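Two complexes follow with chain A in common, the first pairing it with chain B and the second with chain C.
And now, the complex of A and B:
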């Protein structure tokens, strides 16, 4: 009797059961609310100009058009720099950040998890503490340092601040903790050095954690206009997120809204696609995410 | 017998020293960036907060004067910024956190396919950045007849005249809270979901044999205790996310300070003093207070969910 009751309400069910209906009823309105703004972007991005002047305004698009995208690509800002330039900058910056931060955090994560050295415990504690760090709180000292280092108006400043992500390192370290030490010791006896262990054993085993860092750094760097706004004066070095940002803050006209929605869509889609491709790996990493 | 012992000892320690050197080499690139962009800025913030610095002349030492001024002389801070920040932080932080647990728990009751679809929908807003999404919220909350919310409310007969939400003292903070909650189901939410899904099913079986009667007891006595580490990670992410997303008010209203300081949060206050008024020392003192506040909140989370007893 107890057993059947338990099975009827179990977590992570494999089959549909009537008792799950009530949860679907609760979650569906929430999901619709979450979805609403995204539906709006899709519709607005493909809306022809005349539909935007409808009164009362209509949510859904009636005649699909690529007009907004065409205008977005052909328009050049007040500075005379074409949008494609910003997009190009963003892609370069994003790729550099992802590749470098994966290398940096997996190397450090391996050392912090499996190697013995003086100061290991302290460094792990500092990184757990750094999870609570909020970058915007120290934007002024950061600015002063970057200025002192001569990095204002350099392309590198888009990349460097995103290479130390405490959450990324933390997740990688937690994930490497799960790898049995015997496996590594066995290869050490076979004569492998630490670099070989890192490349041949650790990296292949922590693919899910790597996927997670890829997503985390992609999100933070692709979506951020901060570095362009704060550290870059030269317009040709700014990124797409900045361009997007200036579109949205400077446009009040209805025509501008369509372009801004098209740009939002270009901003959002890569995030979504990357997450969808990697979501099972991310969930795998998250299962080890706990702070113990 | 003695000889091999003497020979063995230095050999082993040399090996360990080698490993230590490798470890430092592996950590170095990360540690360098970590120092430049996290540790040193925090140290400089602490030092600057004890000085007067207007970026033109060299900073000079004034002790705790900045802190005293913040607490006694800064009317905007005490009457607007602090109450706004507390209200915003409480609803978005713990509120968003409880919401993310509830949503994750409900999702865990569904079959895998359905769950993946819903999880993706709920997670997707966190993939957008608050600032770029401002354009869309601006249209929904537009202050004239063309705004979706105004149109809807006027159609329903709830209001007669359009409301200028984003410039309004009553609504700006509320809208900021809604927008932030909307995009707050991020990494912490996923961690909690993964945690709930990985609770050993035998735990529940045992729980029901021990007399657990309903879902509520199940959550309190089994689910939450089993996923404490994920709950803690989620809590820290919620606290950090709350303060990191604080630029949204300026993005929505289009100005810093926000109209009548309606949506002014401590982060905007720092930015305003630092980059508009060039009172770097004062801004640094605000930063230090913010970091201390975040740290104290996180400690509470560690007290609740950590197992350091």
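And now, the complex of A and C:
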């Protein structure tokens, strides 16, 4: 009986056993707290305006209404560009960022974690320090560089700055560190070159890390209107986040609040979908995949 | 083809840099160069107008201004608050993440589901939503106020310490929302432990408690520092953070401007590096102690 308490490689034990009870008793209540933000987002969007300003505030919706959504869709953007165009931009940008940032950060993470070369330690330290620096502080210098490169008002600027995010590399490297060196040495003896090791061993083994990065970078790119506001003047190149943002900020006052709530639910749904698709991989155990 | 075989070391360096190259270029252009430009700006008077940007070098004038002006004083106060908060929050998050990770690594029914729920706040924990939740009072556990913990804290500590500490208690649940990635890191480390190690320990007569301290915790050690680093970054770059709002607000302010704003950004950066250094030292000392025993 004791044996069952410790590690297993299957993610979901099929049977319930009394010994699990003590964990479930702790985990379940805390899990409820973890769900609060989600419940909040859904409830808030369906609240009628007067309920939003109740004091003391109430958490759950009392009179369910769609009026926030109706109002959101009845205002039209000032630019005359259809919503689908913004949506299309956003999807392209998000997909490009995710694919490229995963490729580059895993490549770099492999090199920084498992290869020996001059400057490795320095690179790692620079990356960790760069993590500490706040993005807002470099806004203006970054703008000047982008201007010099002639990238203002180009589609590429949505993607390029996201290619080298220190956080992504930092996380990937930690996961690759977990892979035993013996595994790589064994394949080197079998004649694999570094590229083969990267594609055949590293990538399959760090699926959870990749899934995590996909979720994190999806979230930061999809929700961000910053690039559109700062670097893009041409309305047809702006993104959906910007569109949603502008709709709600153009309507001032109380009604704007309701629309903002509806807009944030709409913006949030794709996050949730991506999360549900990816989460099984995130939570998947690395142990499944050959490290025993 | 008569290519001279390269030495292994040299070849590895070459491969490594080619793997790194694109990332490094992006990092240089969009992170490092702007970073050093902002260091230069922090020692300059920067005037932005319709025509462009005028920069004149003034050495440490901006930094002097931070320590002498009311705006600078407000900034320093929010940074010191933040520093105290972070020193308390980081251990709380780390310990919480370890406990949850260990539990989510047990064989329990619906384990995948629970893991997903604990990771879920990561995708929602954006500034506006969290602020709304705090405002709504969702973030506090009612029992804490009912038991008079907050008033106890306010009466026992000096004001500078009491404020951040009572903040922590009133935002206890928010703290938990910031631990999704850390839980994941610890789960990844836990999975590296061979289950036969536990069996062997059991046969040698170790109970679950001993196994936990002698097998589980040492295996998590490497991830503790990683999780600490991640936590500091996550909290420090949180968009509604008071210090960041100061940086933002001063950027285009008439009296202070971008030079001043860069200066406070660099001060903030230095404070963060010091905090990281402190945790690093604690971690090192702790490890040495353990090693001796």
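Here are some notes:
Just so it is clear, the second predicted complex is superposed on the first by the 188 of 292 C-alpha atoms of A that agree within 3 Å, B and C clash if a C-alpha of one lies under 4 Å from a C-alpha of the other, contacts with A are read in each partner's own complex, and residues count from 1 in each chain.
Just so we're on the same page, contacts are C-beta pairs under 8 Å (C-beta built on N, C-alpha and C of every residue); 3 or more make two chains touch, one makes a residue touch a chain.
Please read all numbers here as calculations on a predicted model, not as lab measurements.
By the touch criterion defined above, A:61 lies against neither chain B nor chain C after alignment on the C-alpha atoms of chain A.
When the two structures are aligned on the shared chain, A:208 is found in touch with chain C, with no touch to chain B. Touch criterion met: A:139 reaches chain B and chain C at once. Once the two complexes are overlaid on the shared chain, A:91 sits clear of chain B and of chain C alike.
Contacts of A:192 after superposition: neither chain B nor chain C is touched.
Within the superposed three-chain model, A:178 lies in touch with chain C and out of touch with chain B [touch as defined at top]. Touch criterion met: A:37 reaches chain B and chain C at once.
When the two structures are aligned on the shared chain, A:257 is found in touch with chain B, with no touch to chain C.
Residues 2-3, 5-6, 11-16, 20, 23-24, 26-27, 30-31, 33-35, 37-38, 40-41, 44, 56-57, 59, 104-105, 107-108, 110-112, 115-118, 120, 123, 129-142, 144-145, 149, 160-161, 163-164, 166-167, 169, 194-195, 198, 216, 219, 223, 264, 268, 271-272, 275, 279, 282-283, 286-287, 291-292 of chain A contact both chain B in one complex and chain C in the other. Against chain A, in their complex, chain C makes its touches with residues 9, 12-13, 15-17, 19-20, 22-27, 29-35, 37-38, 41, 46, 48, 53, 100, 103-126, 128-130, 132-133, 135-138, 173, 176-177, 181, 184-185, 187-195, 198-199, 202, 208, 211, 222-223, 226, 229-230, 232-233, 236-237, 244, 247-248, 251, 258, 261-262, 265-266, 268-269, 272-273, 276. Interface residues of chain A, counted against chain B in their complex, comprise 2-3, 5-6, 9-16, 20, 23-24, 26-27, 30-31, 33-35, 37-38, 40-41, 44, 55-57, 59, 103-105, 107-108, 110-112, 115-118, 120, 123, 129-142, 144-145, 149, 160-161, 163-164, 166-167, 169, 193-195, 198, 216, 219, 223-225, 241, 244-245, 247-249, 251, 254, 257, 260-261, 263-264, 267-268, 271-272, 275-276, 279, 282-284, 286-287, 289-292.
Considering their complex, residues 16, 19-20, 22-24, 26-27, 29-31, 33-34, 36-38, 40-42, 44-45, 48, 103, 106-112, 114, 116, 118, 120-125, 127-129, 131-140, 145-148, 151, 155, 182, 185, 187, 190-191, 193-199, 201, 204-205, 208-209, 215, 223, 227-233, 236-237, 239-240, 243-244, 246-247, 251, 254, 267, 270-271, 274-275, 280, 283-284, 287, 290-291, 294-295, 298, 302, 305-307 of chain B touch chain A. On the chain A side of its complex with chain C, the touching residues are 2-8, 11-17, 20, 23-24, 26-27, 30-31, 33-38, 40-41, 44, 56-57, 59, 104-105, 107-108, 110-112, 115-118, 120, 123, 126-142, 144-145, 149, 160-161, 163-164, 166-167, 169-171, 174-175, 177-178, 194-195, 198, 208-209, 212, 215-216, 219, 223, 264, 268, 271-272, 274-275, 279-280, 282-283, 285-287, 291-292.
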